[in-house]
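What follows is a pair of complexes built around subunit A, which joins subunit B in one and subunit C in the other.
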Partner chain A sequence: MIELRHLGKIYKTANREIVALEDINLSVQDGEIFGIIGLSGAGKSTLVRCVNLLEKPSSGHVFIDGEDITEFDRKSLLSLRRSIGMIFQDFNLLEQRSVLRNVTFPLEVSGVKRAAARERAMELLKLVGLSDRAESFPSQLSGGQKQRVAIARALATNPKYLLCDEATSALDPNTTRSILELLKRINQTLGVTIVVITHEMKVIYQICDRVAVLDQSRIAEEGKVSDVFADPRSEIARELILPERIGISWQKTSSKEQQEEV
Partner chain B sequence: MPDLGLDVLFKGKNFARLLGGLGIALRISVIAILVSVVLGTVLGVLRQRENLILKAFMRLYLEVIRIMPQLVLLFLVYFGTTRSFGWDLSGETASVIVFSLWGTAEMSDLVRGALSSIPGHQYESAAALGLKKTQVYLYVVLPQAVRRLIPLSINLITRMIKTTSLVLMIGVVEILKVAQQIIEANRMNSPNAAFGVYLTVFVLYFLVCWPISVLAGKLEKRWG
Partner chain C sequence: MFSEMLVKLWENGIIQMGIWETIYMTVLSSLIAYVIGLPLGVILHITDAEGIYPLRWVNRILGLFVNFFRSIPFIILMVAMLPVAKLIVGVSLGNRAMIVMLVIAASPYVARMVESSLKEVNAGVIEAAQSMGANNFQLVWKVLLPEAKPSLIIGSVISMVTILGYSAMASTIGGTGLGQIAISYGHQRFNPDVTWCCVILTVIIVQVIQEIGTWIAHKTDKRYSGGSAVK
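The block that comes next holds the complex of A and B.
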């Protein structure tokens, strides 16, 4: 379980302070897919970075499985990060390594034997549907394939959690859908708890169980996706959801119309 | 066919002398390049630090060396230090000093550029994989930085080799000076020697610099 308590983050620049997060309280249950949505600058990227302490919170605590990781020393933090996978908008693969060696990379660094690392990597590539591209290089792959490799790499160390920072924002709608389906499958088959950061409501709608709406550094609303979607209470949630709801109903009617035409 | 004056090359030890001159030019450049690559890398990494004094100092150093023509630097170090500090530097030592100062400045800027061109999310995602700081540099940042650095530093290296032709101005008898001597010595019996000898100098410089470019191309391709 991931628990954030009274989490705050302030960036200090030379002449002023920027509040990125203010009094964030959240808990992510084991086995669920939790979505965090907000507009650019709402603080969602900072928030997800506080979960594996890529960003150090200015105040408050982060509990992972009951342990306060803000008090971890460097060594425990490194091993903690291996149990929390993370994927990004820009994939961040190592261009000079093949697909296979990208996936074995975190294993090599943590001292796993080459043969074992290879075996594990091939398993994961099969899971993400890229067994046949093991010897390719990232530059030969499409965006969706790159993100699949990144997912395989993030899962290499058998993490309990997977953080997705705008993981589908650079992808087209079809690829987005297939990546989201993959994430859902990973969640269901491997039992990995997933935290999804996005600015797109349809991402939340498609895979998340619960959602938190972030607005101006604070949580504006939180709840089950179906509830928030059906009855958004905050201004920002309505703003994010309503056009999407219209879009979805419009898509439904238009596909019906198409069928009728056929 | 016009007389290109190539016959001069085969008189006595003329060709061997030219090669000897090339050797001196290369000795100066190789030492200076080695010093520049090592010191330049160290300084380039240091310039990443948020230390204002260090930054200001490095900036000043870089600008001074860049603005000053290499020839002026050579004169300053060779003639200037003799009168003012009483240093008795040989022409070659002075050349090595100047070329190292120049190369280090340029190299540090290339390294700084290559390092800062690695986007922040690369550091972040490496850290997210549980890598230590040294591992982040070793496995993620450096391989990418080196790849960006290669074409730029090859350019610098060939520029340094070519610019060593200036050191004849402080009395170092390198390839160009030897060429001039050969031409002068044969002015009467082979007045066309200038063309043939300088052509040979050109070919020799080319033979030195070209393999470096080829190697760079290969490395780029392999890592690209």
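The block that comes next holds the complex of A and C.
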């Protein structure tokens, strides 16, 4: 379980202080897909980066499986990070490494033997449907394929959690759908708990169990996706949801149609 | 067509020797300058405020030190450093002393070249590696340097050409090589064709370094679909 308690983050720049997060309280249950949605600048990336302490919170605590990681020393923190995978909007693959060696990278970092690492990497590439591209380089892949490699890489160390920061924002709608399906499958078959950051309601609607709406550094609303969707209470949730509703009801039918076609 | 002097220099193998010495001084000085400058460049980069291991004072002091040496024209630095050369290799004349001077002048230059190559590495990639629990040593060794490799190679070509220029200057005050031949046989004994011969040979050497370096950099760069990146 991931628990954020009274989490706050203030960035100090040369001439002023920027409040990026204020008194955030959240719990992400094991096995669920938890969505965090908000407009640009709301603090979503900052929030997710506090979960593995890529960003150090200014106040409050982060509990992972009951342990307060804000008190971890450097060594425990590094080993904790190996149990939390993360993927990004622009993939962040190592450009000078082949697909296979991108996936073995986290294993190398944690000291797994080369042969075992390769074997594990091939398994994961199979899972994401890219077995035949193991020797390619990132520059030779499409955006969707790159994100698949990034997912395989994030899963290499068998993490319990997967953090996704706008993982589909650079992809077209079809590719987005296939990546979301892959995430859902990973959640269901491997039991990985997933935190999804997005500014698109569609993403939340398609795969999340629960959602928190972030507005101007604070949580405006939180609940089951179906509840928030049916009855948005906060101004910001209504703003995010209402324009999407028409789109989603359309999409629901269109994905049904597609299933029938298949 | 050629002056007697040029013919004699060629027949006695002095020009050939000059080519060899120029290449030898350049390559050896570059190597040593990289042994010193590469770690300095890495330290400059990682201790920066935006780096993976910010250390304000280390960065400041090292930066000042590097800038200090970089701002002195080579010809002046060389004269000033003669006693240092004597201290290190026992003599203040000859190629060994010149190599010391070249290394002193080139290491700070190399450090800045390396730093600027490392700056080109995408910060997101570093962050991804950090999210996987990589420690700082692994970040440098497995991410920063390999990702910057093509740019580091291009940088080393530029450094080598600069060092070649320095070595030509150094050879005029007590070393050997094409610079010394141009000065003492060409300029001082009024044989312009000897000077021109040295100029052309230097240009050829620079071209060869440039071509080989660029070729290696391109060959190792996996970001382009050309070269070895193709499966």
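Criterion: the second predicted complex is superposed on the first by the 249 of 262 C-alpha atoms of A that agree within 3 Å, B and C clash if a C-alpha of one lies under 4 Å from a C-alpha of the other, contacts with A are read in each partner's own complex, and residues count from 1 in each chain.
To be clear about the criterion, a residue touches a chain if its C-beta (ideal position, glycine included) is under 8 Å from a C-beta of that chain, and two chains touch if they have at least 3 such contacts.
Keep in mind that this is a model prediction, so the values were computed, not measured.
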- Based on the superposition on subunit A, does the combination of subunit B and subunit C result in a clash or a fit? clash
- Message: Looking at A:Ser59, would you say it contacts subunit B, subunit C, both, or neither? Reply first, second, both or neither.
- Response: neither
- Query: Can A:Glu135 be said to touch subunit B (first), subunit C (second), both, or neither?
  - Reply: second
- Query: So, does A:Phe105 touch the first partner subunit B, the second partner subunit C, both, or neither?
  - Reply: both
- Task: Please work out whether A:Ser234 is in contact with subunit B alone, subunit C alone, both, or neither, and reply first, second, both or neither.
- Result: neither
- Message: Output check: A:Thr70 vs subunit B and subunit C. Expected answer is one of first, second, both, neither. What do you get?
- Response: neither
- Of the two partners subunit B and subunit C, indicate the one touching more residues belonging to subunit A. C
- A:Thr175 contacts which: subunit B (first), subunit C (second), both, neither? neither
- Query: Do subunit B and subunit C land on any of the same subunit A residues, and which?
  - Reply: 52, 54, 78-82, 84-86, 88, 90, 92, 94-96, 105-106, 109-110, 153-154, 157, 163
- Task: Under the touch definition given earlier, write down the residues of subunit A that touch subunit B in their complex.
- Result: 49, 52, 54, 78-82, 84-86, 88, 90, 92, 94-96, 105-106, 109-110, 153-154, 157, 163
- Task: Please give the residue numbers of subunit B that touch subunit A in the complex, ascending.
- Result: 119, 121-122, 124-125, 127-132, 135, 139-140, 143-144, 147, 223
- Which positions of subunit A touch subunit C when the two form their complex? 52, 54, 78-82, 84-86, 88, 90, 92-98, 105-106, 108-110, 135-140, 150, 153-154, 157, 163
- Task: Over in the complex, which subunit C residues touch subunit A? Could you list them?
- Result: 122, 124-125, 127-135, 138, 142-143, 146-147, 149-150, 220-225, 229, 231
